[in-house]
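Handing you this structure, nothing more for now.
The chains carry the letters A, B, C and D, assigned in the order they are written, with residues numbered from 1 in each.
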């Protein structure tokens, strides 16, 4: 089987497949990222097409819709190299519109498509405890289940092609709004003279105590923004969700406000840090025009 | 002791005080609300001043800063009626600026002030399991602790006068932003054709699974907006938090977006419903200009 | 020539064409709207296809992308009925993506396409003084210029197909943000106790004195919201602009805030009123949670 | 007479007073700024109190409420040094709450107060063509009119103390929202492939053609952000307006979105540039997470 995209997430997922007995041929746009897979016995290919030739399954784990489009078409694209009946498991976060576009491209190439983006970042990817949100035909989901279970602990089948992608952006939109909300709460706490560490305890227990917030709040205090989930990708996910919201006629003001905070953070140089770094730009903005 | 404000929260809190051996003299702006307290052996007064005359403690549990100001000053106001050394426990959610204003008024009247707003709505108020966020001098907090423990299970002393009020609005700001975020997530889910009940399960577990969201999400599905915490008061609390944010030079875009959603909901007639009714206005707005 | 869409704008534009010597065959989804055109000597057709059969030009002036799609394809759609070389002048406000989609559909049907949305509402439409923002090939723009000049006073050719539509949504986005900004300024003026009529004078002259604001501000004072440009269509236009913004990775916070205000106004029943009615919802929201 | 605050605006205003026959004693927090006044025959004082001693009028032109408070009270504050009946003309932009606070402080010191903030930036200040928005008692406005007319061309008396300050922040709020709206329109234009210079022409004429936008749009094209009106002060003015909006229970979503854009621009280092530099941060944010 082929695995396209060996970044922070993909390399960990591919390793789990290889370890659990699948023969993985990996590919990554920038070389070097494939080293861990090679060391574990996997092979590396020079192009998406080369990786996919003869494969029964192709997994893609890339950054955004443009990156996924970039590996499908053209002379090096994998769709033209697949044999009929190959299963494509699309794990990137690209939103339902792009996922349905990919499903169309797959159908034209006689490739079976499911969208299967994941919940969980680096540690669950390494531990094989990701959660898959899956869209596609039931029989195809059944067929690929062993692969998904090699990488994750739960598979939610949510509907036809595109619905896994849809659920994922809804999920990340809420994640992003909650995280921005937490950062704003700590910003205001500080300006009000409250002990931020004490507030982190208070907000982490009781009604507002979501696991994600308990995990990220301490990073906001220490400003250790080593990336588990890069801020620019959370901005992208909120953007994909809001793109669909506008396509469908909705207005989602809290999520739009959160998106603006991430965009401001990225424009100020925090894009490659962990998404908790949204706290840094909010603090900076909160110094006020007179630099209080 | 006097208890001023026998609304949905106050009446339950006063009952717990009476049951646990305090002799409570209650007062409410609109009569009739005092019936449960009277039946439990409490007394009712005709004015704040009458209730407070001779009391060793006065608890206030009112809707907003204007209501608190309304019971302190003037011929019927309680501050003029208190004997020196009376302890005032201010449990309303009025924000730190108003709390410090009240602390000043108390000092001038030789009354000891603490701000002690609560976390928890109707059920914890009835069960005596509220959480108190307290600002004020340590010795005064010690002195009033038995009263607080008659009404709640935890007392967090967070700093001098105003800091309980500060922590409370930060807390409710995050609560309001998370709840609006959830409502937006369900709105987008519906427009994307996802099963909202399934999404409620998904968002309620894992990283985003805050107890408050798990409690409110089902109400958004059934649109049962019987008030546990009226939407207009959550709008008010976000407004108080943002008032302080602007006073201090901060900009908090996600919380501002959430506030707008609550204001739109209230302007459309949802103010007296539970705050989960923010989902109703977002759904309505999401029908789009062409009424999709 | 055919004219599809005889609503408030289209009927006035078609009348000008008929008066200036073009033989117009009109069509409208709901009958009855064609009466003025018939009285002026025009003819009415029973379907888009019937209107377009044999026509050298087809003008479309409809409400949104869905309505335009609705008249192009299918058995009654006009594209299949056109002879090769017919010129299609698309005057609706549908955004660049939909305009390019229409250009594609036209090419497939051997129809020459330009997008030519207009600036100006009812009066300029009646007076033949509209401004056209045009995208398409230069020779086609030259060919249709006499028709455009029968309906308007200025033709801006801005680039290839889609660029007229692009400029129009940028224009209306700014219009909508300025109008919401004016409504917010008058809302705050009122709450601050300023004389709103005096503020309208002040804001209408000097740096902020845009013609559009001078025209709309008095309507906000009198609350006469007889529609010149229905609020729901301005909401739609902002939505189309923001859809493209999200597609392209931008975040436009003031325009997003304005869009939310229009969506709230429409959800509260102001959609069919003039877009100045955004002032009504802002006033209502500004009464605050306690109904000040 | 005394003139406190000889910054970019104040120095130009003081010069006009001196030239038109008033004997001006100037003061500025950082020395050196008084040079032009001294060269024109004015005197310089070492403290606000020294400047105001014996003066019949005191003009203040400072950056924000904190700066105004800084010159009024304490041993060097001017209020204690004024003789009874001195007229205080407060020209800073501080909002109605701070203006009323100053009116109170003035009354206690037997000083006659008017708030008289100005419309217009560097050039009108130099030319003596500012517009004054005045709050205060009618007789006091009459008494100070000759001073105002030495610095400006129009005096709008809008009500009692605080109403000049109120009108000014409403005015600047609209200015700021329109300017952010223009920057967003040009941002979207660029991303849509439109010729920005052509769009500046288009948006500058017709319905959206406000003088302020015509003046600022070319600066956004050339990115010449030499300050005529520093961005941080426009952020401050929007913040003051929104502070009052929250105090009064209003929600103003377009203005809040604009405020966020200015705060992001200031946090990214554009605070000392002209307010048109809001276009720079919006462009940067519009590159999207993938840096398009």
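Note that in this section contacts are C-beta pairs under 8 Å (C-beta built on N, C-alpha and C of every residue); 3 or more make two chains touch, one makes a residue touch a chain.
Note that the structure is a prediction, hence the values are computed from the model and not measured.
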Report summary line: Maximum distance between Cα centroids and chain B occurs for chain C
Report summary line: chain A turns onto chain D (C-alpha superposition, degrees, nearest 5) by 180
**Report entry** Geometric centre distance via CA averages, chain C-chain B, whole Å
**Finding:** 46
Report task. Could you put a whole-Å number on the gap between the CA centroids of chain A and chain C? Result -> 39
**Report entry** Gap in Å, rounded to a whole number, between the CA centres of chain D and chain C
**Finding:** 38
Report task. Name the residues of chain C that each touch 2 or more other chains. Result -> 239, 249, 251, 253, 256-257, 260, 263, 285, 287-290
Query - Residue ranges of chain C touching chain A (in the complex, touch as defined) - result: 239, 242-243, 246-247, 249, 251, 253, 256-257, 259-260, 263
Requested in this report: Spell out the residues on chain B that touch chain A in their complex, using ranges where they run on.
Outcome: 96, 119, 131, 133, 156, 158-159, 163, 166-167, 170-171, 173-175, 177-178, 180-182, 184-185, 187-189, 191-195, 198-199, 202-203, 206-213, 215, 241, 244-245, 248-258, 260-261, 282, 285-290, 292
**Report entry** Residues of chain A defined as touching chain D within the complex
**Finding:** 63-64, 66, 232-233, 235-236, 239, 253, 257, 260, 263-264, 266-268, 271, 281, 284-285, 287-290
